[in-house]
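Per-chain residue numbering starts at 1, and chain names A, B, C, D, E and F are given in the order in which the chains are listed.
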Amino acid sequence: MNKVVTFGEIMLRLSTERHLRFSQAKTYTATYGGGEFNVAVSLANYGVPAEFVTRIPDNDIGQCARGEMIKRKVMNDNVVLGGQRLGIYFLETGAGTRGSKVVYDRANSSMAEITEGMIDWEKVFEGATLFHWSGVTPAISQTAADVCLEGLKVAKRKGITISSDLNYRSKLWNYGKTPSEIMPQLLAYSDIILGDLDTAFFMLGKEKIKPNYNDLTTLPKLYEQLFTLVPNLKTVATTLRYSVSASHQQIGGVLYSDKQLYTAEVRDVTPVVDRVGSGDAFMGGLLYGLLNEQFDLQQSLNFAVAACCLKHTIYGDYNLCTVEEVDNMAKGNLTGKVLR
Amino acid sequence: MNKVVTFGEIMLRLSTERHLRFSQAKTYTATYGGGEFNVAVSLANYGVPAEFVTRIPDNDIGQCARGEMIKRKVMNDNVVLGGQRLGIYFLETGAGTRGSKVVYDRANSSMAEITEGMIDWEKVFEGATLFHWSGVTPAISQTAADVCLEGLKVAKRKGITISSDLNYRSKLWNYGKTPSEIMPQLLAYSDIILGDLDTAFFMLGKEKIKPNYNDLTTLPKLYEQLFTLVPNLKTVATTLRYSVSASHQQIGGVLYSDKQLYTAEVRDVTPVVDRVGSGDAFMGGLLYGLLNEQFDLQQSLNFAVAACCLKHTIYGDYNLCTVEEVDNMAKGNLTGKVLR
Amino acid sequence: MNKVVTFGEIMLRLSTERHLRFSQAKTYTATYGGGEFNVAVSLANYGVPAEFVTRIPDNDIGQCARGEMIKRKVMNDNVVLGGQRLGIYFLETGAGTRGSKVVYDRANSSMAEITEGMIDWEKVFEGATLFHWSGVTPAISQTAADVCLEGLKVAKRKGITISSDLNYRSKLWNYGKTPSEIMPQLLAYSDIILGDLDTAFFMLGKEKIKPNYNDLTTLPKLYEQLFTLVPNLKTVATTLRYSVSASHQQIGGVLYSDKQLYTAEVRDVTPVVDRVGSGDAFMGGLLYGLLNEQFDLQQSLNFAVAACCLKHTIYGDYNLCTVEEVDNMAKGNLTGKVLR
Amino acid sequence: MNKVVTFGEIMLRLSTERHLRFSQAKTYTATYGGGEFNVAVSLANYGVPAEFVTRIPDNDIGQCARGEMIKRKVMNDNVVLGGQRLGIYFLETGAGTRGSKVVYDRANSSMAEITEGMIDWEKVFEGATLFHWSGVTPAISQTAADVCLEGLKVAKRKGITISSDLNYRSKLWNYGKTPSEIMPQLLAYSDIILGDLDTAFFMLGKEKIKPNYNDLTTLPKLYEQLFTLVPNLKTVATTLRYSVSASHQQIGGVLYSDKQLYTAEVRDVTPVVDRVGSGDAFMGGLLYGLLNEQFDLQQSLNFAVAACCLKHTIYGDYNLCTVEEVDNMAKGNLTGKVLR
Amino acid sequence: MNKVVTFGEIMLRLSTERHLRFSQAKTYTATYGGGEFNVAVSLANYGVPAEFVTRIPDNDIGQCARGEMIKRKVMNDNVVLGGQRLGIYFLETGAGTRGSKVVYDRANSSMAEITEGMIDWEKVFEGATLFHWSGVTPAISQTAADVCLEGLKVAKRKGITISSDLNYRSKLWNYGKTPSEIMPQLLAYSDIILGDLDTAFFMLGKEKIKPNYNDLTTLPKLYEQLFTLVPNLKTVATTLRYSVSASHQQIGGVLYSDKQLYTAEVRDVTPVVDRVGSGDAFMGGLLYGLLNEQFDLQQSLNFAVAACCLKHTIYGDYNLCTVEEVDNMAKGNLTGKVLR
Amino acid sequence: MNKVVTFGEIMLRLSTERHLRFSQAKTYTATYGGGEFNVAVSLANYGVPAEFVTRIPDNDIGQCARGEMIKRKVMNDNVVLGGQRLGIYFLETGAGTRGSKVVYDRANSSMAEITEGMIDWEKVFEGATLFHWSGVTPAISQTAADVCLEGLKVAKRKGITISSDLNYRSKLWNYGKTPSEIMPQLLAYSDIILGDLDTAFFMLGKEKIKPNYNDLTTLPKLYEQLFTLVPNLKTVATTLRYSVSASHQQIGGVLYSDKQLYTAEVRDVTPVVDRVGSGDAFMGGLLYGLLNEQFDLQQSLNFAVAACCLKHTIYGDYNLCTVEEVDNMAKGNLTGKVLR
């Protein structure tokens, strides 16, 4: 099978344990993650050859991050060594009415200081069928945005399908540019977009819209507008997420392609073990479906939503469920019986 | 008070912590359990003299299992030493829509390799009033099934009440026999049976039935059929269990005796701390009621359901609640207030 | 800003971990708390100068308790050293239908053996605007009750507002006096009372009443009776608490002042991380509102209820949420979204 | 075999982990112990029937202490329930040049408030061959000292061998009496004494002596003096202990009986996992030897020293080594090879 | 570089924590190891392509073992799935005079039930330069011994260097054969042997010898005898190990080749973090040296001894030190300074 | 008492547990430290008013660092908020022959980006008697060096004693300047210097010297040279440290003042719980002695060496021993007996 390439930052995540607040924590649990890496892990876990491209420091902490790639069977031959530090994010896990809290410590990371020419994109895309990136990377620095563009150009030239996750984070974008200055030219390469319609319009620099996901008949018109803005676009999808509390989420999904709207049933997810990376689990599930000839679009969306739901039950940033487990849930088995 | 004897396997249980998947676990929490041992612990905890009969290896791990019997005040004078290993089961604890997962590693255990003559059943049953066994033991090996039969014969001869838990596990029964080849002659000794009607019919080699527990008026006819198949049978009971998710169960119960059907109110159990052994907690509660002259059948069933519900809040395989605590809940106090 | 003084006992709390029963616990998590100290922490956390007055032993364990005061920025210059031991309470954390369980080990604590003259109340109240105490202190010993009265007299003479939390604990009051023999003369100094109407009447030695909090129109009459019994009383408030299970609480609140009844919306709190001290969090929130000129009474009550709800998500005895976090929830944001 | 009875206090021990100081500790490891209980565990572990007599509170913490007796196979039928609390001691584990630190919190414990008549000594001593007590019990309260005397009288009348461990703790003896006012009449019953010569003389109210354990020829004269002070005395023994650092001890032993002095080789013990209770391990080993017809006095002393050394490698208050393990070391195997 | 192939069993190791005895342990730390796998990890860690061949069950526990191979960059393409269970060993970690204790639970493991024909040795040895096996594999079952022979024949035919670790374990060899019935024909293929001279003679069925490693001049004669027994033998080496206590080892080494005897300085290793697998670390270091053209035999031996010493400081079964770290120590830097 | 001011960086320290290597760690223990902060904690712990001046980010991680200052009673009123991140260092704790390893992640920290004018030095030095800084601060950035100089000038002008710790770290000094370009003008203000003679000469840009600390008679000449280079210098001191292994250190000390050389006995420190910050503990002890009128210079040195030794037994960066404990050891009590 041809490989999927994802490109982005991998960070050390330091979480407080058992819902402790930062001021109570004496130990941090160390895991590793990042939107695009999480997608690669999902795919590798489903048996899809997946490669992650990034830049990490040449020290023990960088090696720990690489150890995660190896352990999770994500190809990493084109990871570049250099720079001063691995990005970190601190996570205080909420519960009930108290939301989780993230403190980013990713400034001046090896990935933020990546520059054009560091990555051999020609080599990266040998044998690749799909390139996945997200809006987090251009949000961290101008040079990271430049390297995104560099990669997208090579991918497009080589006829590789391009999948873009909008992934808007307001706490980033601190280097003096706004999304609408940077994202339009990057998103222009997309075959697939994951994200809300309003975020897409915002990033493309269009006037603000308020899509009504409760009235599905209103969506096709907006999706068609989006398709006119992104010439190669074939598929757009988004999770629908209702947050009852930090411990109780409701998850559904919408996909639009070929003038057809698909929706997946909204499911209750409670309790939430860990919601970070659940969007990436959706994306990983969606790509698995789209790449799999035995899945039609409805099945792909169902699989993506099931993957997203199951991710909430798994500690850490990425989904570790097998195809069989996700499939089982996509087909409606929600009862969580003991398998014995 | 006369003692209750239970016979079966005790295993080392190794559970991942905090909902981690097997591939994430670096430590396992070690507890000990097994269906029939769990029933003995429940009874001992209620103050009923309870003895557990089994075979364990003569090494440190076997001694740890014995230590649990001692700690939980379960008599163990007739435990036989020998064989190569204590059976193990690995438990990955699920949450929400992801069910728990059990990996058995019990092949060639000391108990699986038990043979007739190893247990001095005459001595075991001195001063006993009830003998409890379950369908797990004959499922692990032909010789274990033989020893069950050996014990049942002596118990019956001595006029001891016999209680059978059907406990069907499809992952067992690997030694070349089906339940219907083995179970009918064993179940024939039962005074009390715990389990679903359909499992009972299946194990007795009868044609498949689909009892409708939602329409209680349909049940007596089926129970009467069961009573004709098991000549000494006096009481049949079963938990009713609706699994909303791995973290949310609904528990009720049905008991049939003397042509009378008893039901207990269905209760919500959420969150689930540990559901393994909740059926054994029901059985322990039921036997406590049946042995207790101050309990009528309805009270016994209520007590069993309350014990089953409370077990879900306790880590490990067995119920550690006191008579007072179970009774309090059986009488409808579900609010979980702080006792101070 | 003028300081708030609270007076009471601080105890070492030893909790079992992960819902383990006492008989399963091999380690205890050590935190520190006590009703009046918890109120001081809440206020200090909101930026209000708060001082805690108590008596602790002059040993390492007493110093640990003092370390908590320091860490939580609670002034402690008038803490008295002496006596034999710090009071302890053991906590078994329940779940679902199994309630938490407290074992007190506070007899003969340094605070129980405090006597009149040990505290320099004149010095304590320099620069103070409010004095908060609760019904727990006079419940532990006659001398502790005497010291309460001693303090109340000085506070009143100095014109300091007095806030009383009824805090009735039936397991205390073991020294030969009943609440109605002790509390009336202490409560007589109150400007603010926190607690149920029935508890208030009981402590004041009046005949038993059964206020109907579901029919709010019945309350003003009772409150007015209470105002006649306590001459300086200006404000009475109470949490309304519905315990669905140990893991699911519903929290509202009622406040009566100036012949006006205020109520706050009842909110679901699930899962409960730790409910101990949630009443103190209410009190801390209420005092913050009452002391804050920008809050009217309705806002104060809303803030108190929000603080109480959020406390349930925080491990340990006291609320560690900021004004901003509580305010955010008081204004209706309950969704627990990730802040990133 | 006839049973050994030991009498004393069992406490909850709360230790900081991994050499943390009290001010750094967030959790405590809970174990249970007390000099006389530790001796009973040693004996039970060697297969000697051992009973422990004490008074514990009728609450969950008391039940945990009893659970330890049960788990360690120490008979406990004559344990008396009552009083307010289980004694506690806090332990900060030192390392190298920093010694361990104990904070006692045992005032007003159930055992300290025991009074004459509470224990049915006649019943206790049925089938007993030896009674062991120590100087800690009369040090905690006058009534505890009274109960010691009460027991010693019954034991002596029944012809039971009496073994006394001097166990002087300067932090105790706070109730207004000095050892020399209390101990002489208690020690007068001794057949066996464990302890230093100087402590023995001090407790018996004699003038201070300074025995020179480095010149063994000087000891017999002093021992003979001791024998004249305690009429029934047959055997005196003591550990010789050189503390190089908290992590490195050197352990030997001396025994005097029948005008003969026996010494055991001094052994290095490093690192020290836990030194609390190592004297009790010596005593347990010594009694095992004295009660065992196959051991002569030199073997008994060697066994006692080996038990003491091995105890230092075991976490908690008591020695969990088997006869075979202690014997192996007593015969000189110190190499700590992997047994596989 | 050509790859090294090692063949043997990988087991789940379950260790008690912080020197706890089995009867005290509530959790086990899970790691994975086995003599030949440990050698492969050492080599992979030094940058040598290393492949491990074994048989593991097709379940979650087998997958965890495979995850370790992946994480440690050991090639595993020829690992065979099948059988019932992964072998387990339980480890109680000793300290000082108390040795560690191993309880094997490896009967009926997937590897013990391997049979000829399951492994495609032709494929395994493509591109291989060295084949390493040890005496543990033929010790577990006749069929495992058969598969060893099968592999050795193919390796020899293909001209691959063969390295044999004697690894005698008296607790194994339970299937009815003695080492001298099985090992001679297997060892006959050796180019390199690791182990004591006496073990070698014993396994080859020769009369018992007692080599005197303290008088090195006596060794060459014995080594020459060994060379006559094993026709292709070129190099023999052994660790010299003096066990002062479980926490203090002294480690040296001897190598004989080409009629030349090499020795390495004996070094103190204290404290011992984990001594399991230290012999495998020696072997891994030795092979690294022998395969490395820049190392002469003395350097190889020094590197092997340094690797063995450093392994004692690392938790788990295998050495995780880099070439640079081992080299640094081999050159005499023992001071353990902080690298910063 | 007048206060001591220390100025430098406080970092989050993330340590692997139980000697695990980075690649094995799943959790990090979080503590806080930094050379100059550690000195402040030592002094505060001895009862000396100590203030720490630094710059930390205005986020939760910065607040945790501040929480440590508060908890350890270090004044922090002049701490400046701002910048992006708190510096971090990762620590892998070695054992025996494997040294500990530090990975710095302190680039672009709030402190590294401090600039002149941010600190109100006039306010800082109100009521100060001594100003302590170290060579780490000018090593992290040019602006940090500038702020050091800025502070030194104000301190000197106000007649405050200046104490300088050379603290050379070769991994720092990355911003394009060498120590000899920066340090001479800073060190020129010193009244007290802590550090090796060779480091002092190197930092002052003088030719390399090799002081022979084994021949004390050679030292005065070198010290006198140093005094000529630093005009106000009155006292120079250094630890003497012999690293037997990561777990065994030998610690002594030398002090030169007023043409007089003082030395302290070398002591064995084994096992080492945590050696980071032991130099700061020496400095804290030395300053305590120098500021204390009851200590002469020899006593001050002894106290400093004892503090340094004891620090090795305490987890984390700073010494938590009391004056009494250090004094006890300075007077020669090294036996680590249990205090009870």
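What we mean here is this: a residue touches a chain if its C-beta (ideal position, glycine included) is under 8 Å from a C-beta of that chain, and two chains touch if they have at least 3 such contacts.
Since the structure is predicted, the reported quantities are computational estimates derived from the model, not experimental observations.
**Q** So if I look at the partners of subunit C and the partners of subunit D, which chains show up in both lists?
**A** B, F
**Q** Find the pair in A-E, C-D or D-E that has over half of its contact pairs, by residue number, in common with B-C.
**A** More than half of its contact pairs match B-C, so it is D-E.
**Q** I want to confirm something about subunit A and subunit B. Since they are copies of the same sequence, is their interface symmetric in residue numbering (over half shared, so same) or not (under half, so different)?
**A** different
**Q** What's the distance between the Cα centroids of subunit A and subunit F, rounded to whole Å?
**A** Taking the mean C-alpha position of each chain, the two centres sit 45 Å apart.
**Q** Where the CA atoms of subunit C average out and where those of subunit E average out, how many Å apart are those spots?
**A** 63
**Q** Got the subunit C residues that touch at least 2 other chains?
**A** 18, 23, 26, 67, 101, 271
**Q** Got a list of which chains touch which?
**A** In this structure, the chains touch in these pairs: A-B, A-C, A-E, A-F, B-C, B-D, B-E, C-D, C-F, D-E, D-F, E-F.
**Q** Mind listing the subunit F positions that touch subunit A in their complex?
**A** So the residues of subunit F in touch with subunit A come to 14, 22-23, 25-30, 59-61, 63-64, 67, 84-86, 88, 90, 92, 101, 103, 105, 107-108.
**Q** Can you check the complex and tell me which residues of subunit E touch subunit A?
**A** The contact residues of subunit E facing subunit A are 67, 70-71, 73.
**Q** Which of the residues in subunit E end up touching subunit F in this complex?
**A** Per the stated touch rule, the residues are 18, 267-273, 309-310, 312-316, 320-321, 325, 329, 334-340.
**Q** If you look only at subunit D, which of its residues touch subunit F in the complex?
**A** Residue list for subunit D touching subunit F: 18-21, 23-24, 94-102, 104, 169, 171, 243-248, 271, 275-276.
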